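There are two complexes below, and they share chain A, which is joined by chain B in the first and by chain C in the second.
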Partner chain A sequence: MSVITLQVDGRDVAVPAGSTLLQAIRAAGLSVPTLCDLEGLEPVGACRLCLVELEGSQRLLPACASEASEGQVIRTDTAQLQGYRRMAVELFFAEGNHVCAFCVANGTCELQDVAVAVGMDHSRFPYQYPQRAVDASHPRFSLDHNRCILCTRCVRVCDQIEGAHVWDVAERGSDCRIVAGLDQHWGEVDACTSCGKCVDVCPTGALYAKEDTTAEKHPHPERAGQLRRAREQRQWTP
Partner chain B sequence: MARTIVIDPVTRIEGHAKITLQLDDDGHLVDSRFHVVEYRGFETFCEGRPFTEMAGITARICGICPVSHLLAAAKTGDKLLAVAIPPAAVKLRRLLNLAQITQSHALSFFHLSSPDFLLGWESDPARRNIFGLMAADPELARAGIRLRQFGQQILELLGGRKIHAAWAVPGGVRSPLRAEARDWILARLPEAQATIRLALELHKRLLDGPLQQEQRLFGSFPSLFMGLVTPEGLWEHLDGQLRFRASDGTIVADGLREDDYASFLAEAVEPWSYLKFPYYRPLGYPDGMYRVGPLARLNVCDRIGSPWADRELTEFRQRSGQVAISSFAYHHARLVEIVACLEAIATLVEDPELMSARVRSHASLNRNEAVGVSEAPRGTLFHHYRVDDDGLLTKVNLIIATGQNNLAMNRTVHQIARAYIPDPVPAGVEIPEALLNRLEAGIRCFDPCLSCSTHAAGQMPLAISLVAADGRVLAERCRG
Partner chain C sequence: MVALPPCERPRLRCCAASGCRSAGAGPLLAALRAAAAAGDISAGASAAPEPLEVRSVGCLRLCGEGPLLAWDGPEGTRLFGGLTPAAAAALVAQVRGVAPIPLAADPALAGHQLDLEQPFFRLQRPLVLEGCGIVDPECIEDALAHGSYAQLRRVLHELSPEQVREQVRRSGLRGRGGGGYPTGLKWDTVALQPPGRRYVVCNADEGDPGAFMDRSVLEGDPHRLLEGMAIAAYAVGADHGYLYVRAEYPLAIERLRLALQQARQQGLLGSSIAGTAFALELEVRVGAGAYVCGEETALLHSIQGQRGIPRTRPPYPAQAGLWGAPTLINNVETLAAVPVILRQGGDWYAAIGSEGSRGTKVFSLSGAIRHTGLVEVPMGTSLRTVVETMGGGDPDGGAVKAVQTGGPSGGCIPAALFDTPVDFESLLALGSMMGSGGMVVMGQGTAMPEVARHFMAFSVNESCGKCVPCRAGTVQLLALLDRFVAQRATAADLEALEALCTMVKATSLCGLGQAAPNPVLSTLRHFRQEYIAALGPGS
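Then we have the complex of A and B:
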């Protein structure tokens, strides 16, 4: 296996060729906030929280979806990046209806954690208060579009791990939303195996078990990676 | 020239309100109104949400008695699931409500109302509060604060936090009681009992001494009283059935189920207040005025069912009548209820079933409509939900204790104003501070929580206005 070396925030790091910048950052013992990225799922660069600066380039790169190259010099924690990350998180809160007080995911929500990590104490953008529905037609699970940040983890886990491909993204811009089947009520989609993987990996309270009440959601985002390792490497222990 | 006196805002109550006193052309008092000037609209914005969220959402209406909404929402949820919750969950919910009533009544008596009795109606308003009480009688203030802490701490031991713990859920409660928590309750009970004994002795001395006039003039009038009782007619705070009793002792209606509330309760709306005016439907509006809360619960029950509380109830009735009609007796009733709560807590924590690990029944939606009820510290609380087949709310109706006392609060303000303001009011009169305070104190008898009752937020300052017949405000006094 060939190895490449690069520099992250002044630290030299060596990673296998084909690694992403995010893997290189983590190999260097550093971290950047992420929401859409999840071990076991193909990266999409949807949330833009892991943007990093590449020396010699004007363009910011999503670390999760960018391949590391030999000799790159990466910066992950500049004032510009901190500002953009906080802005991105504020926009997540402003464009949906995120009410932590009675959310099922309060306390286990990755969006909440990221807001704390980037130092967000309020949104500088006006809240949009969109009129969004709750799809509670499935017998075991519910989808609350108010809390969806369109990270597409559910879309990917259902397609790439479960193989059912129940979920897709419909519409454009602020109308963008997750749809089940051919834009059907979730409970009407025969392809759904009710495995619950989408609920396990959802970073917010958008997907949850019906019985969950305030702060009762117990997400298992690690399961996507465990299943991938079990399937591809025959490795069944976490 | 006719005018109106305005008290805006009313202080030391939960929420925002004002009082207006309407005078005619000759300066005679013709009307007094208690206006609730805040609005939140919880019922509407709950629509479309899953019913499982209602305990969490409605508990956020108020930080004083979130438990009452939590329990009413959870009980309504039980009915939508159509499950019988485990016996331990029934008892744990009862323990939660008893602790809630204890802490809320302690807050009302020690923090909000006792400064009037102990420091005097005419004392400096800047010191007529819990801090003034701390300076005047530090031991009593400390005991009162620790009694409230006792109740609050039980809420935290059960639900993990003192306010807004979403611990009661459709089907039961989230977690059993730990042995250490039970031991803490047992260890602190004697101190709580000693404090309430002290408070009762003190209050009874005041009732027999300097507070006799207040008992006659603070909202003393006949009305109906409503509250939960057990099937045997004993004092009840969470389960049981509803009873109406009239001031002459007659049981007007008994064995009523909360599911049928619309058949015996109706709500009127007045353009000058955001707080609706519920009334007993068979008697119409406003003749169907009824009172709820500690006074009503003591009036509707035959007895409490525990020895010390029953002795106190007997003495309460000897002082205030077999059916106490003075709203000032709410204060005494709160203290008697704390005794009842502490005795019930003592019995519950000795019950081995309370410690069972099976505390939640699991089911999916089985009904589309349900009504739940709990006795909040301030009175009977109804939650009524309709849901679609997916469990999403299509209709929410919340009937709050303070709203049910609305007619009686208005009558109380009028009675106090009639007794204390000069008749006629001379032109250009300044409203005396003592009147302002007595009008507020009349409202405080009910310990109203306007945040809940209008489903609105905030602490409660008072405003009083004196308004002329042509609508001009002649005098105003405000406290915020």
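Then we have the complex of A and C:
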């Protein structure tokens, strides 16, 4: 296995060739906020929180979807990046209806964690208060579109790991929404195996088990990576 | 070009492309053909005149005066605009020389003749549009008679793929879809990938408001495009390709499909083309109304039958495109420039235009301008020449305020900077961009915050929704611009507007989002006083 070395925030780090910048950042003992990325799922580079600066380049790179290469000099935490990240988190909060106080995911929500990490205590952009629906047609789970941030983890885990492809995205721009089956009620979609992987990986309270009420959600985002490792490397590492 | 050398047998050419069709070219063409046929009969056996050819052609350039009709005869070409079917008989009588009164005194025709010596026509340098307005786009025999596919045949028999790419490299041609990436380099990148299947794709998803260059090529000279695409396929080793055309171009789709069918029948597409081992299948794929599908990775997803959303590059399509195979994607105008480059040589082409921006560029002029239509000029021509000399300036005689280039990804350039040469670098330096070639001219009455809001509303509607800066950032930018248009903005709004523009530009995933703030940033740069004036009382 060939190894490449690069520098992240002044720290030299060696990673296997083919690693992503995000893996290199973590290998250096550092972190960047992420929402759409999840180990075990193909990266999409949609939330733009993990953007990093590359020395010698004007363009910012999504760490989750960029391959690390030899000799790169990366910065993950400049004032510019901090400003952009905070703004991105504000845009997430302003475009949906995120009310932590009575959300199932309060305390275990990745959006909430990211807001704390970037120091966002309020949005400077006006809240849009969109009219969104709740789909409680499935016998065991519910989908609350008000809390969805369109990270597409549910879409990817269902397609790439469960192989059912129940979920997809409909419409475009700010009208985008997650749909089940052919834009049906979730409970009517025969392809759904009720495995619950989408609920496990959802970073917010958009997908949740029906028995959970305020602050009772117990997500398991690590399961996507465990399953992939089990399949591809024959290792079970719970 | 529109004007042709004098010819013995008179002939009429009527533009039957979308612009002139909407101005009534259909009924005019029918009336002209009826009048020509009636003339043949009424002349009787005694003095049977030569049959009068009435040809339907592509764009004759001065779209705003349509329907356009060119009359070629022994005295050269005369051009008429805005004729109605009622004038057909009078015109045919003039062409046959049997009219009772001279042309200048004919009330049905006088006043409709357009000056072919005016700068709008005189300063054009047609290369891509060489055959547009001359050939019948629905007739491959006519296209062949005008030289179509001659370069494809020659290239297949005489040149290696590497020699073809050498000519394209030497030409200095850069992508005409907006990015300006060196075409020869892109072809090399595809050609030099490891052995295996390759694809060639023509991006005909022309979606910028005010842009109709590619449509004119598709509708007016489709065989030139197919020839260019076939040469490109040969040069990079592709045997399969797609023409991705927006659904809003029904006539272009119809003519392209007809052209493909005719080319297959002539053995110019399909297997063993022109008697060689080279094979190429081309298909039309019709878009479904998403602007973002003009972005190359979204376009590829759409061709594959997936949701039209962009993905992170690298890998670039030249490395991993359609179904993972190396894929060459070029815009219509880029591919349509290829036959002339091969015919005249790359060095000949590179001698036209300016340093860094070689050859010619087609622009579509619209908005507050006297001469609305299509111009093809050498790169490096000044904006003043295009907008004022050729375009004739403001139709009401006032001063032009600005020109918008590059659509929702570009910006507004004020009249004070009209001496800027039109090339890739100069326009970028002004905070705009070449874009695909749409130029929307604005008069003094146009308020720049409203222009910015107009384009931002476009970006809000056309955002695919994948990444948050574009999906949610454009919505917030639009709300901020609403406040400026309503004259209720605050100094804090101005600060927020600039900060958010910078963030959306720097962090969006694809070119659409990265360029969405450009109309705001460029108007802030050149017309900041209008934003200041829109601040409400107390701020």
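Keep this in mind: the second predicted complex is superposed on the first by the 237 of 238 C-alpha atoms of A that agree within 3 Å, B and C clash if a C-alpha of one lies under 4 Å from a C-alpha of the other, contacts with A are read in each partner's own complex, and residues count from 1 in each chain.
Convention: contacts are C-beta pairs under 8 Å (C-beta built on N, C-alpha and C of every residue); 3 or more make two chains touch, one makes a residue touch a chain.
Since this is a predicted model, take the numbers as computed values, not measurements.
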First, second, both or neither for A:S66, with chain B first and chain C second: second
Which of chain B and chain C A:A136 touches, first, second, both or neither: first
Chain B versus chain C as contact partner of A:T214, first or second or both or neither: first
Which superposed partner A:F102 touches (first chain B, second chain C, both, neither): first
First (chain B), second (chain C), both or neither touched by A:A88: second
Which superposed partner A:C158 touches (first chain B, second chain C, both, neither): neither
Which partner reaches more residues of chain A (counting touched residues only), chain B or chain C: C
Touched partner set for A:C176, first chain B, second chain C, both or neither: second
Chain B - residues contacting chain A, complex: 48-50, 52-53, 55-57, 59-60, 164, 166, 169-171, 174, 362, 364, 390-392
Chain B contact footprint on chain A (complex, rising order): 101-102, 133-137, 139, 142, 187, 210-216
Chain A-touching residues of chain C, taken from the complex the two chains share: 290, 292, 307, 311-312, 314, 460-469, 471-476, 479, 496, 499-500, 503, 506-509
Chain C contact footprint on chain A (complex, rising order): 43-48, 51, 60, 62, 65-67, 80, 83-84, 87-88, 91-92, 94-95, 124-126, 128, 149-150, 168-169, 171-176
